[in-house]
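Below is one structure; the comments refer to it alone.
Each chain gets a letter, A, B and C, in the order it is written, and its residues are counted from 1.
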Amino acid sequence: MKFLLFLTAAALTAAPPIVIQNATVLTVTKGSFKGSVVIQDGKIKEVGEKVMIPPGAQIIDASGQYLMPGIIDAHSHIAADSINEGSVSVSSMVGIEDVLDPEAISIYRALAGGVTTVNVLHGSANAIGGKCQVIKTRWGKDREGILFEGAKPGIKFALGENPKRQGMSSGTRAGGGQQYLRYPGTRMGVEDVIRQAFNDAKIYQAEWKSFNERKGRGENPIPPKRDLKLDALVEVLEGKRLVHAHCYRADEILMLLRVADEFGFKIKTLQHVLEGYKVAKEIKEHGAGASTFSDWWAYKVEAFDAIPYNAAIMVKKGVLVSLNSDSGELMRRLNTEAGKTMKYGGLTETEALSLITINPAKQLDLDNRIGSIEPGKDADLVIYDKHPLSSFAKVQKVLIDGSVYFERDRDITDRQLREQRKKQLLEKEKQNQPQQKKNAAPGRRPA
Amino acid sequence: MKLYSFFLAASLIAGTDDTFVMKGVTVHPVTGPDVENASLLVIDGKIAEIGDAKLKTPKTTKVIEAKGLHVYPGMIDSATEIGMSEIGSVRETSDVSELGDYKPQLRAAIAVNPASEHIPVIRANGITAALAVPDGGVIAGQASLMHLDGWTWEEMAIRIDAAMHLRFPVISTGSFFSRTSYPEAKRNYENRLKSLSDYFEQARRYQKAKAAAGPGFKTDLALEAMQPVLSKKVPIMISASRERAIKEAVAWADKESVRVVLAQVRRPGSALALLKEKNIPVILGPTQELPLEEDDPYDEAFTVPVEVHKAGVKFAFGSFGNQFSRNLPYQAATAVAFGLPYEEALKSVTLYPAQIWGVDDRMGAIEKGKDADFIVTDGDPLEVKTNVKRMFIRGREVDLESKHTKLYKKYLARP
Amino acid sequence: MLKHLSGLVCLAALALSPGNAETPEVIAIRNAKIVTVSGPVIPKGAIVVRNGLIEAVGESVTPPADAWIIDGAGLTVYPGLIDSLSTLGLPDAAPMGAPSATGRRGGGPPTATPSGPPTPPARGPEDRPSNTSYLLAADQLSATDRRIEAARNAGFTSAVAFPNRNIFSGQGAVINLAGERPGNMVVQSPTGQFLTMRSAGFNAGYPGSLMGVIAYIRQIYLDAAQYKAAKEIYNAQPSGNRRPDYDKHLEGVLASPRILLPAGNPKEIERMLRFGAELKQDTILYGLHEGYRAAALIKQHNGKVLVDLRWPEKSRDADPDQIDSLRALEARDKAASTPAELKKAGVPFALYAGALSQPSDISKAVKKAIDAGLSFDDALRALTLSPAEIFGVSNRLGSIDKGKIANLVVTNGDLFQERTKIKYVLVDGIKYEPSPEQPAAPSEATR
């Protein structure tokens, strides 16, 4: 019965090797051709126009269909029970890893849109936000089962309107209570918060170093306090935690790059980065990646200079660019979002596909595992009925680690079973209703 | 001719006239089969002829060579905030929602800013006309069909009173934050519905009083604005999303004997048969949406147009905003991927909206005698990759530059 | 004598006054069926109660001469029921609703006492928000809480009562449900720290999200460990060391023998089991309405759980056209099978009345669990010996054994049956006769 609840709770296990045949294979990194892909033990074993079919292999015929690497969404907020710890300007003590929801339907929906890897980010209410978690959309698995094993930890930063919002007086608070302003209220303050936090982190780092040295000398000093907030920042300073920074305007983008230079760490990706096209040169020099929208604009002041050519300009200026969704809806059609860059700025097919595959893989330091169809990589693959950059393409099958996690045909069968099960339960409940009514007693209230 | 003469200035491409022949194009009339290697003759802003390569035209007629390109009717977005709002989060830039519950006298057209940055941005993707819809309260005001070109809102206006927008009351038990019990929600709903019917009754009594022209009759601007609705000259655009609300809205409209266009239809269910029976067209919201309920199929929103089409109900698309209006063709395309016949998708952004808004004598298809509102593309306009190369509104070429293309050029050139 | 005891009119009055002075010190119940729970059922035997303790129990026990005799013919004696999670005796506690394990507000109002000038929102764990870890239920008890009598009427003679208003709510106590003064009631204290996952909500200070709550609890435990170490080092060597600040919030945590964490569905169960292990504290989960899906997982973690008897039901004032999700329907259908599934998996569990107060509602709820596969014996155990074991008081409560506290329920039939009436309840050897079922809030006149 469980499969009814979870659509496809148990994905087919990948015991025998799998060969996907007769597909138009879009490898992203090694060109496109009509051919096959051999999968063994969850990994891509062989890719080519002609391949050796291992004995006992399960054959998936993909005639007339298109095979591409699983899509990677570098910026999402799905599959978590909370997103924003908005009470503080630095919330690096919190982490998405603590609140993952492996049963969130958004995972299945993303999967059905060809997304196999997702960077689940903290919200943008704070200059320094919480820790992120990379997951795979292994629908039906538990928390452990959806974690992207071995993915480098990350952290969210945010600049501009969102982190300063609570520092701007908006008159009386709803409900009539006193309004407490939270520092910062300007972009100057946002910089200050980040610099102060890293200054604190350096002092904290030194305190522990001194404590450990004294311990090493055989002394028994009182240990300093562990501070979860600063622990995460020390990891950033030590290059162990990737920074993904939400930003819009060119000025704030440049500011963050300079703060990072000052404290000696790197910004791994600039997120949204809608005015990245204005400072592409500086972004490239710092070595930051850029993860942007295809065509969002004008929803707030800092998005008024956003242009759909942003991705293309940055690509042309040598920045490592990806497209993200920031939305449980949009993430289901990142393929056509990528297609838009062919119109807005004239990117090639491969460049467009890279924006949602190999480039975000690099931005997560996971390009040794995912992002292209190459031997040795995880068998995270999507089969489309038409070219994935077309408006008319639809996902047919999705494999993760060589296991089929989504099949459109099975989805259609499952939805009927689910409907039946629902009817059955509603009927049962209806029959038990009169008895339940009698049961209804007002809840106990304390005296 | 004279009427349109200021359009010359409106277009950045100087010297274009509204008489020309475009050669070498594939014409997609939408109402009939495609014509390859066609010559499209436009005279005085109207389509005069769709001929083959050998079409004879006066020597003086300007020839536009467009070999290999495609001609489609300009697309129409059937619900937007075009020109009425600039930056979503900044209240000062929005003129969409007025105070009060009953404001039939309000007219969207007069709040359409012809200099809005959104207009060229939307135009660039092949949209030549859009319905500007006021919102807020119960009767929000008159929605106006606008051309996406013109020096003033007057020049842009196609039909100022294209529809009267009514947000039909719903039984709402509240959101995540606040909950109302069903009986209470139902009472609220019934009160609101009664006040709506009372308002129509008032408008009718006003009509009679006016006809009687008795002593003491005073003009009432709001009730005056209701008269074209009562006489069915202007359709009432009713926003109602789900089956129950749609059924109730249709029953109510029947009782009031008004002409209806249903908007934001999302979960029509068994109400579709009713819409078919009453011949009520619908304006669908974006297809690219999440399913409404957890248990819905993942493609639930993608297939709404398919369902509506199968029921034989006429439909068009509206973006119900500004930001994503340029993605109108892709809303239709997504439905194609999930089962909508391609021809229907194309009509739903061209011919059908023209029919629904009562302007199909002038626009919505490439046909002899219609306004020359069309786009020239390098492919299927429903495909994301396709570029719109040129646009003509009433035969005048319209500039496809926008804030976005200007910033693109400027910063691409940054050393 | 016997006549006096069965004089209904007179007794009803006596029963309503707890700790009635006329009750004899020695009571013997003879010719009764005795369900000991710890051993086999005695079809016909006697129990002697002296000085609040069980002096003897068995088939061949002869009542002593000084005993008040109750003829138990046709009656059954059970150990008094234990409500394993409650706020009985704590009138300031929040109503015991369904626990919120997702960080949203639920299970009553958040941190209360809005009197006095508004305090600025907490800006970090250092402000110790929502922390009354030092509160002892035993210090907060009110012997006159009217709900105590209602609970006794339902057969409860003990409860594990917890303050419940904060993230760190404070320490519970095992109490007996009768006593003239609070001090009479306490059986064991402290018995564990009650934790909620209740965040302050948006814009109301730290922690404002579920992940904030988790990070906060984690930081408090780190602080407590450092506090303990610092105190030890300081006490050994005050000279030359800076003295650590006293912190009652950490004292309360350090004094907690175990913690109680909320968990309803498998995601929360997994999360909280892992969290308890991380905090290195003996952990009890409470709530568990979807425990039927996670019995094996709980077993694997050697978890102990308290199951809320108020099974989920369809909301009464919902829109009739609104169909609940399959997930919610399944949960409503299967919640009551949780105890049976836990039993099958070998998980120690107890039941608690939660928001139920009417004896008939509690019986029906237990009956529902029995109908869903739990044996009568296991249901009884989950309300007697199991909670005593889980809270470490099985050497004094939970079964009918010589030497244990004389908490007994005497019925005219099997417990949890609709027709069965509770004839007497003994708490600490003092006999009470339940008054007829009353509306939830008894009026002054009935006192």
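To be clear about the criterion, a contact is a pair of C-beta atoms (placed from the backbone, for glycine too) under 8 Å apart; a residue touches a chain by one contact, two chains touch by 3 or more.
If you're wondering where the values come from, they're calculated on a predicted model, not measured in any experiment.
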Middle chain, criterion being Cα centroid separation: A
Chain whose mean Cα position lies farthest from chain A: C
Interchain centroid distance [CA atoms averaged], chain B/chain C, Å: 62
Centroid distance [mean C-alpha coordinates] between chain C and chain A, Å: 42
Centre distance in Å when chain A and chain B are each reduced to the mean of their C-alpha atoms: 36
Residues within chain B bordering two or more other chains: 294-295
Residues of chain A whose C-beta touches two or more other chains: 418, 422
Where chain C touches two or more other chains at once, by residue number: 323, 326-327
Touching residues on chain C, where the partner in the complex is chain A: 87, 91-93, 95-97, 102-103, 118, 120-125, 145-147, 150, 199-200, 202-212, 214-216, 218-219, 222-223, 226, 229-230, 233-234, 236-237, 241-242, 244, 265-267, 270-271, 275, 313-314, 316, 323, 326-327, 329-330, 332-333, 355-358, 360-361, 364, 439-441
For the chain A and chain C complex, residues of the former touching the latter: 4-5, 80-88, 91, 93-96, 98-103, 122, 130, 142-143, 166, 173, 177-178, 180, 220-229, 418, 421-422, 425-426, 428-429, 436, 439-447
In the complex, chain A residues that touch chain B: 105, 108-109, 112-113, 277-278, 280-281, 295-301, 303-305, 307-309, 313, 316, 328-330, 332-333, 336, 339-340, 342-345, 386, 389-394, 411-412, 415, 418, 422
Chain B to chain A touching residues, read off their complex: 86-90, 117-118, 121, 288-291, 294-295, 297-299, 322-324, 326-327, 329-330, 333-334, 336-338, 382-387, 403-405, 407-408, 411-412, 414
Residues on chain B engaged by chain C in the complex (per definition of touch): 171, 173, 181-185, 244, 293-295
